[in-house]
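Same chain, two partners: chain A is paired with chain B first, then with chain C.
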Partner chain A sequence: MNAAQDWEDVSLFTPYLNDQALMYDFAECLAVQTFLRMTSLPFNVRQRPNVDFISPDGVIPLLKINKTLITGFNAIVDFVHKKGVTLTSHLSETQVADMRANISMIEHLLTTVEMYVLWKHDETYEKVTKPRFGSVFHWPLSSVLPFLKRRKILEELADKDWDSKTMDEVGEQADKVFRALSAQLGTQKYLTGELPTEADALLFGHLYTLITVRLPLTNITNILKKYTNLIEFTKRVEQQYFKQ
Partner chain B sequence: MVAQSDGNAKPVTDFEKFVDILKKCGQDVVIDADLTTIERAQLDAFSCYLHHNLDAILVRFAFALPLQPVLSGEEEEEGGENVGRKNDTEILKDAFMALNTLSTKLGDNKFFCGNKPTSLDALVFGYLAPLLRVPLPNDRLQVQLSACPNLVRFVETVSSIYLPLSEDELKRQQSNRKMWQSRISKAKADKEAAKTTEETAEALPDEPPMRDAILFTIGALALSLVFAIHTGLIQVSVEEEIAE
Partner chain C sequence: MPEKTFHKAQTIREKAPGVPSIVEAVQFHGVRITKNDALVKEVSELYRSKNLDELVHNSHLAARHLQEMGLLENAVALIDTSPDSKQGYVVNFLVREPKSFTAGVKAGVSTNGDADVSLNAGKQSVGGRGEAINTQYTYTVKGDHCFNISAIKPFLGWQKYSNVSATLYRSLAHMPWNQSDVDENAAIFTYNGQQWNQKLLHQMKLNAIWRTLRASRDAAFSVREQAGHTLKFSVENSVAVDTRDRPILASRGILARWATEYAGVFGDASFLKNTLDLQAAAPLPLGFILAASVQAKHLRGLGEREVHILDRCYLGGQQDVRGFGLNTIGVKADNSCLGGGASLAGVVHLYRPLIPPNMLFAHAFLASGSFASVHARNPIQQLQDSQRVSAGLGLAFVFKSIFRLELNYTFPLKYVIGDCLLPGFHIGAGVNFL
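Right after this comes the complex of A and B.
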């Protein structure tokens, strides 16, 4: 990673956000966009059907600066940090530790919940995941690739001991995440007070996705709706960074 | 961990569930009762953070070389699968960062939430004590942990308050230490030996198996034939014999 390069000709490669990207990918792409907007760094968004093949390690989204490729939310945040642009300079070390824990919770627990819903729940898989994932391929790849991917993701879920969980237990996990974040947000503008951090960007990405996504199963969204300050937070960030 | 909650109930095998049950059983057990909602939220976030950053390393190193005789092969395989997606460097990096974050979060406090122990303290102790005490072939993590004096002090405090050792146990520990030392040096020697044999093995490249070559040839021939027929290079005409 070469952090000494100038910030020019920067493109963010994402899947087709409206037709192709799955819930958690959409959330990550949105989070990176929000983060870059928070730092006021200029960038272009380019939507490509094969980003997961462009990306060296299969992680999306992909940020390209001249010839450097950086993949994934955390790596992009680190890279921007190495450039001397940071959203956490006003925080104490303990607050940064708290923020890291929050990011980890959103990134692992909430993403796993989303994966579970998309790939494990049969109706959602047939009606949403499979058509979206296969949308950029021709037959027969459009049914073979989702099948292979599903097998892989289910294995991953089994590794985490999530394959035996019921939908209610998964809902409880989601509720735990929302409850924790809602409590920390309280009546503040952002998670750590008046100024946004990368944790806010990531939180916004996931919440916005969960609120706007249309799935056959609405239990996760319904759980989220109980936490009004999180909904307000999402609206506020959208207003500030995406409606200008 | 397995705990029997009521005799007739099914075993509880998850730290979080275990804590939940203890809270609900309404006896004299008071855990996390006088925490504010924000503290409780941070507690959830940190426990998630720990799981994701330190599980891998414990599995990796617990199932790695010198402990092998202690654990059956089956368990080792299972453990290996769980962390298969990350390589050693990533696991170590994650773990280093987690230790630093924990050290910052603890600061000069006696426990993570001030002066009172919480379930988070128990969880952190559960992760750190083995890292500190169990002799491992790869001592980089132990070195890193020793570099955070407040974490070491934390482990000492918790074990002296809640898990004091009797004199007998102390003696046994002393005698065991020698055994472990010899085991470690033996494991290191084995590793070296394995490395050298591996190097010599690499020097002799395997001959490609004959079967693969034959299958490949047949496949290629069949494909070219289909292509030739399809494009009209070879024409096949079917002459039907007219039955009398």
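Right after this comes the complex of A and C.
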């Protein structure tokens, strides 16, 4: 299948990135954009207040190609791969497996850390999460919906046994992820060497978000700033794919 | 009360007009919780009756009104002569007050025509002045749910038919015409009243509705794009003149109703919607009844956003343009109907009463419906171009003023490819029919 022929009228639906998107959603949307830019596939970004409802399974972001809808970073990467476009053709099977492990670590651990900070930490919830999440609704929904969402996310955190963690323990989890990724990156340009892969796109999405986000609590960002090669990596990717 | 023999009002009707009367007392027998001031408001007019005929008539009206207002469950007026004077009369009301608490289960028909079962519980005349509280839980065979709690307070007084009510409801409903589900949480305040000597019915509503539209997997992207939470605050005003003899299947009389809904002060929705209903029925020779109904709707968006799919005009179904799927006449996208910005529907009926009379009717109809899209530059032209027509024969069954059941054999006569046609036998049930 020739990807270029079928790749027409492609839109990436995201929340309002500046005012609405929460940290982890922003990171995923940025990761997908980075990935698509790495593959040089053309697309339009359409910002909508109700992407979580436009998306058939509630997962953000949503990629629409004609009438096909694909949601979430992993599914979009898989779809592009099926179209014959891949960033991993130069890798050995072991390297691909390592890359997948990195993606999984970012998706699970880093996203959960971000969720914890946004929804569990009271001050962050009141000052950042609630206003952003409620920004697209009128009163009283602007208060009711963040409240309901918070209850749901806290249940999810409880299912993962994260609800009893302290902020320091959560910081340790983040540190663990950053340390592993920093070691993997070393002095290379990208995680697997000279060429970018989808893991780099996802890592960039989350790191850029963590560096630029303004939160009442700066502990996670401070932990990240200890790993200078990760900061350099983020600047490099931003320079290459977003500042040309 | 002493032992006496009472006669029906007819026995004295011919002799009564000339007989002057003075009401000396109005007495209630069986009152326990009903407040005195409420009863006084209801019956004080009786003291103004000038002759016996008027008194008989007014006593009957008062008894009926007491029941219709929910003040009493049963009331019978008995008129007695006064022992003291020749022209004096005493009106005795034998009454039964509403039960302290009512509960029930009933099977019925929803406004969309689905069979439903509802559980209800309520308390009538809570404070002794006709106030009522009702709760209801309804579910339909299609899996829709609705929980409803309402409080109503009538304004008492001689032949006054007005009330205010507050309703809270939560409902979950499936909308097959655009492949989606909608959850609603609503608070509604209603005023019902009558103006101009009870000739003009007047209703005002304040609606606050939180709606959540969830598109199913099969929904068109145009429906999906509108999914999510929206808040609608609207004011509805409707005035009507109704001279029909029966509301559900009239044999004579007209109904003219004009309703306006304005949304836009708060919330996401901002539009102005006008609905005009006209119905007329007239008896023909041999017992035939000729009836015609027209409904015109117009919707204008007032904000930057286009009018939400839940607020648009829909047509089609067993209650208006028979022979087409429910709410499927409108702008189409894939398999979903996106509704329109204006619609015009009309139905001409010919009925012939069968046995039992006033319940079962032979029924023939010709129905027409057309719509214009929300963005229409020239809605009149679109209304002409989008006309759908169907005709049919069948039976109409009317159960009191509660619901109407139609069994029709329908022939869609004018349609376009892609329409959801339902030729052949179909059953339609409901309350509001065109």
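To be clear about the criterion, the second predicted complex is superposed on the first by the 239 of 244 C-alpha atoms of A that agree within 3 Å, B and C clash if a C-alpha of one lies under 4 Å from a C-alpha of the other, contacts with A are read in each partner's own complex, and residues count from 1 in each chain.
The rule is short, and it goes like this: a residue touches a chain if its C-beta (ideal position, glycine included) is under 8 Å from a C-beta of that chain, and two chains touch if they have at least 3 such contacts.
Note that the structure is predicted; figures quoted are calculated from it, not measured.
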Judging by the criteria at the top, classify the pair chain B and chain C on chain A as clash or fit. clash
Which partner reaches more residues of chain A, chain B or chain C? B
Applying the touch criterion given at the start, work out whether A:L109 contacts chain B, chain C, both or neither, answering first, second, both or neither. first
Just chain B (first), just chain C (second), both, or neither: which does A:T94 touch? first
So, A:F53: does it touch chain B (first), chain C (second), both, or neither? second
Applying the document's definition of touch, where does A:R214 land relative to chain B and chain C: first, second, both, or neither? neither
Please work out whether A:L181 is in contact with chain B alone, chain C alone, both, or neither, and reply first, second, both or neither. first
Choose the clashing stretch of chain C with respect to chain B from the list 112-120, 220-228 or 418-426. 112-120
What part of chain A is in contact with chain C in the complex they form? 48-50, 52-54, 56, 64, 67, 69, 137-138, 141, 145
Residue set of chain B touching chain A in the complex reads 37-38, 40-42, 44-46, 48-49, 51-53, 81-82, 85, 97, 101-102, 104-105, 107
Would you pull the chain C residues touching chain A in the complex into a rising list? 210, 213-215, 217, 221, 224-229, 231, 266-268
What does chain A use to touch chain B in their complex? 93-94, 96-98, 100-102, 104-105, 108-109, 156, 159, 176-177, 179-184, 186
